[in-house]
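Okay, here's the structure, questions in a sec.
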């Protein structure tokens, strides 16, 4: 049993930018040469989230619309008043979607569906350079 | 330390059908003969989600009502226009609930509460035959 | 590779009380003397959730407001009528936020961001004494 911890760097446009990181996660599993186990993708920060989605422009647009409805960006969040910030909605979205995703792999391959991609969503209100944690554990 | 990857097949009615898979996950842990570790349940597909809930008709009804409010099934989703599909809300629900659930076990038993069940929710708009990944890792 | 399963006891005020458990999770990792792996925090119960957040009063207030909007506490939930209960919204919030959080650690330290805390949210409608599962797995 082995644990490999890597970093994944990416640039985002912010504002709920949805970034497909499937290939990079699959590459990390391949490089680990492990056959079976889990890969944990983690965002060290409180304005980003990890999940899976069919990476298709329509779905991404629809998801953003729902997020805008339940956590409107232009609302007067208390977080703004306290910190002179403008990303109150980003914090709530990140807490709801969650900072962590665990995907099993088997025979050296992620167990994803055909139309399912691993995505990082940057909820912050500006383009950012992000560093995600990518940890592979298995045998 | 051992990793065991299994498949769990189930038939759903779709339309946010909530399926209790607790017993089958517990059986997998028992069969593994491992004492302590985690079981990861994963949905390889972008219209299903994993979580826990008190599996009670009232709660399930209430959950569906909230999901219908924040992601209305009859809305004109962009995903529909692009793909002639009718399951735009299913994609959003799946991304929000998440495709993966990790449950620790100890002394060979899942650490669930008494009124807490592991459920797969099929958000798609038709009955489906699903295959979930069930991976047990531990010692 | 080692698995250590611990319990974390805490008292909450209920009503979406957000409790910062970061230090206690970090202590558990330190005590395990493991260098790299994952810690899984799990709530054995169907009215609590785990996630990360910037533990700041404004953000916590804003999160509760959004939760109150999408799952109003004073609604006539079917769960109430069936069980004479008053925590229908708590069950839905718990299912949406999720009962499980997986955080990687490396060099004996959690890979959290500076402004990111691990929190347990007690959605139930009364103060409760809770027992969380904290499992460290790694090498």
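Residue numbering begins at 1 within each chain, and the chains themselves are lettered A, B and C in the order written.
Here is the rule we use: contacts are C-beta pairs under 8 Å (C-beta built on N, C-alpha and C of every residue); 3 or more make two chains touch, one makes a residue touch a chain.
Computed from a predicted model, the values in this text were never measured in an experiment.
Engineer: By the document's touch definition, which label belongs to this structure's chain graph: line, ring, star, complete, or other?
Structural biologist: complete
Engineer: Please tell me whether the contact surfaces of chain A and chain C are same or different in residue numbering, using the over-half criterion.
Structural biologist: Chain A vs chain C: different; shared/all numbers falls short of half.
Engineer: Nearest whole angstrom, what separates the Cα centre of chain A from the Cα centre of chain C?
Structural biologist: Once rounded, the distance between the two centres reads 19 Å.
Engineer: For chain B, jot down the residues that touch at least 2 other chains.
Structural biologist: 1, 70, 96, 98, 102, 137
Engineer: Which part of chain C faces chain A closely enough to touch in the complex?
Structural biologist: Interface residues on the chain C side: 1, 36-38, 51-54, 56-59, 61-63, 66, 69-70, 96-98, 101-104, 106, 111-113, 115-117, 137-139.
Engineer: Under the touch definition given earlier, write down the residues of chain A that touch chain C in their complex.
Structural biologist: 1-3, 5, 40, 42-46, 70-71, 77-83, 88, 91-92, 94-96, 98-100, 102, 133, 135, 137
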